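Pasting a structure here, questions to come.
First chain written, first letter: the chains are A, B, C and D, and each begins at residue 1.
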């Protein structure tokens, strides 16, 4: 099972402006990714852009798999032009995923924007446990996967920056308010989150205050994805660690913000 | 009438391995190109490749036009992946074309390989005159446009490097033999040619020997296509001249080989 | 968001006041005439023409250019029509526009530089001089005017005496310490420095095992060199008090702003003119939009504004 | 067409005999272990590991890398596990392969360079040393070991005395005269020079007006720099008798051959490992195919074979 493989595009569906769901069929058997793992996708064969783009596993479909991505710049824009039948060269699965083997039955999931991509994978893996999902997005249309979430029995608390769906607030504040009202919400709970840096920072401060254990998935500019370039580090209580290798999932308390 | 315009791809037909006929519809009115003029085509929006690619006018279709090209490397390979409806940004028509306002009724045309692209345009413009076309290619399948040539009443003398169609010889030798047998073939004739450098050199030596006047279309690496970078010069009896501006068509006697 | 009308794009380079910071880079815009079809020349901050010498120069044999990853190598060999022909045949056209004309020039010896500067100083319609010091110095046994600080000081100060117009010294990036070279130019009397000229490079055709350029080596330009150029502009900005004109791989307004933040008072667009002949105007418009969005009143406030 | 079996790919660098000319570039292949999954490490000409210092180094804060046109900037800050940890934890793995291990190392002072060289000389399984002289020299007031010829001579000759293994000096390209630097390294006793290390560059985020790298400046690598690297390898080949190891932007066998024609006895693959983790093997195979097609019996015949 090679971690450098080719995959053919089954579908590259535009969900809403700038948001795409890419369904891929690996042309050889690959290792099954864990939620939180990611792939380094070569968006083209040329030298511009030069480097692969990291994208999280969103959904595993029995050998095929899905990536959920937002057009952020040049690389993802090229990716969005792929059509069924096109072939992509992919490296992965990479990194350390979310720990799944946990005792607690009560899980709080927090997703900010595209953070829903890996959080959905995680929710699917943890289905059966008591999952509370807090999901923030910029606007109503960018709230994705709600149908799929319902299918696996998750009914998210939603907030949007513009108030077009759910409360008009950032999702960390929403979570805080829930917990202030009902502190038992967090006892014996485990927290998992993915989203923009500032959201994860605020969430971490909150979690530490409430002694809530948990894990967050971080992002960083990457070159190799394999742990060799040392380009993707974040500061932890034990020195710099590589997001691509020791991460992208870290325990909340080890990150130094 | 802007010489920097957008054109939509009507068709990008693969004629035979590596050879494509691209039909374009300019999205605004453009200047009608003359045979021997060329366009600088931006093959993509990225930085790799960085520069536009020069391609000759092959056929003018009343506002629409056609380019005939061979996949030579990265740029033309990207060009070949264009599909109907795609939009290309194009600069042109550029350069000095073949002189059309000539007294002689007897024209010898010589095309080597993709040199047929502009030579076809020229033949179409000169239709009505007495045209003898000598056309050399690498192999049978790469002898292009024969049907279209017949339509305009041109019946080419063909030779191929591998002998798969016509004689197995280079086309300049074929022309030489014709003329040696029948020197009157060249009296009061004008010669026009396009093709690889070595072919044009041999042809020029021959033409000078037989005092045959004429013009050849040259190629050179280009950056601007507008005469400003001074990158595309060839040596002439009057110093360096720019292929994109004073050329690509030069009179045979002025080139210093 | 600032009103576009209230945005001040003007910048000062020596005695020159430019209506905006976007100039053309020497050798990539000819003598301006070929681009008038695509760009309103009146809109440009300044037009910098192809490098001129006292006598016309033939230049190098072809091939003279070759594409490289996100860049190109050129070895034009400073082909030009000579200062006299320029004044007679090209300057009258350029005088029609109310855009300053900056003449890039060079010589084979200090005496030639000085004579060229004198001639250009006397020419009506030439608003400033940009001296290209990336040329071999025949007198000093082919050392380069732009890489030996002592030689640089000497040639710039001699030219300074001969030229009363605004004098820009164009620095070569092929040096260990670009800040030092900028300082030397400033001490010798330059009104501004411009950089970067091309990085020396080479490419080989592995099929025929020959250099791809007839001249063997050439100058690398285009987006590939931009990170080096930004770094050098930043170093020069810190090293001197005179304005820095930044260039090297600019293909968008964003790139131009990057140079300005690094310390450039004005920028020049080179290789990008080959990618799109109307790019200079697009970049000016783009800078204006950025300033409107970011609510910046004067472009001067952005020069060197990177927070390190 | 030559039979692939009869093709001689071996090259000699000092006392080392490599089975082919393709090595990894320091800092882009870790300590080899991560790539074993993608490349048969036994196939490589040599493995050059991440730069090591006497003590472990933390490196710079993030962001440490940023992509640029056809290139990337890095400011890792020489993070490494230290020589002792390397010998204990990484070398045993590397000893399993019959591929020479070349250790890239650096110091903050001449004394540190010497101590590091001594340790590595004594380590079983280290086949050669590559000294990275692109580091600031704290003693001499932050001049750079690799840009001041006198300092370069001193540090290389001191290390030479301390190291009996093959000694490669890795040159910085941020100098006016690379041929001179190669000559200085040769005179000081180097068995080979390798180049280029990264070109110093910078990138600025125009949204927050900050440098894109926490360290402000970083090193440019990748295809963008290739023309500069080829030119410098060619200059060094002409300047010295010792072998030149060429690198800078190689992403294909064709690129590698370009370096060899320019004068490289061996090449190193850096940034390209990030584009494809199995590229080193692809390049070795590609060189072999080229030689078969062009009927070249020995790769040594190609070194410096460009016809100028």
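What we mean here is this: a contact is a pair of C-beta atoms (placed from the backbone, for glycine too) under 8 Å apart; a residue touches a chain by one contact, two chains touch by 3 or more.
Just so we're clear, the structure is a prediction, and the values are computed from it rather than from any experiment.
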{"item": "Chain B to chain D, fewest steps along touching chains", "value": "1"}
{"item": "Third chains touching both chain C and chain A", "value": "B, D"}
{"item": "Chain at maximum distance from chain B, centres defined as averaged CA atoms", "value": "A"}
{"item": "Separation of mean Cα positions, chain C and chain B [Å, integer]", "value": "36"}
{"item": "Centroid distance [mean C-alpha coordinates] between chain B and chain A, Å", "value": "54"}
{"item": "Sites on chain D at which at least two other chains make contact", "value": "69-71, 222-223"}
{"item": "Chain A residues counted as touching two or more neighbouring chains", "value": "47-48"}
{"item": "Graph class of chain-chain contacts, one of line, ring, star, complete, other", "value": "complete"}
{"item": "Residue ranges of chain C in contact with chain B within the complex", "value": "27-30, 34-35, 37-38, 50, 58-59, 61-67, 69-72, 74, 76, 79, 222-223, 251, 271, 273-278"}
{"item": "Chain B partner contacts - residues on chain A that touch it in the complex", "value": "46-48, 74"}
{"item": "In the complex, chain D residues that touch chain B", "value": "69-70"}
{"item": "Contact footprint of chain D on chain C as seen in their complex", "value": "68-71, 73, 147, 174-176, 199-204, 206, 209-211, 216-217, 220, 222-228, 230-231, 234, 249, 254, 257-258, 261-262, 290, 305-308"}
{"item": "Interfacial residue positions of chain B with respect to chain C in the complex", "value": "3-4, 42, 47-52, 89, 91, 220-235, 239-240"}
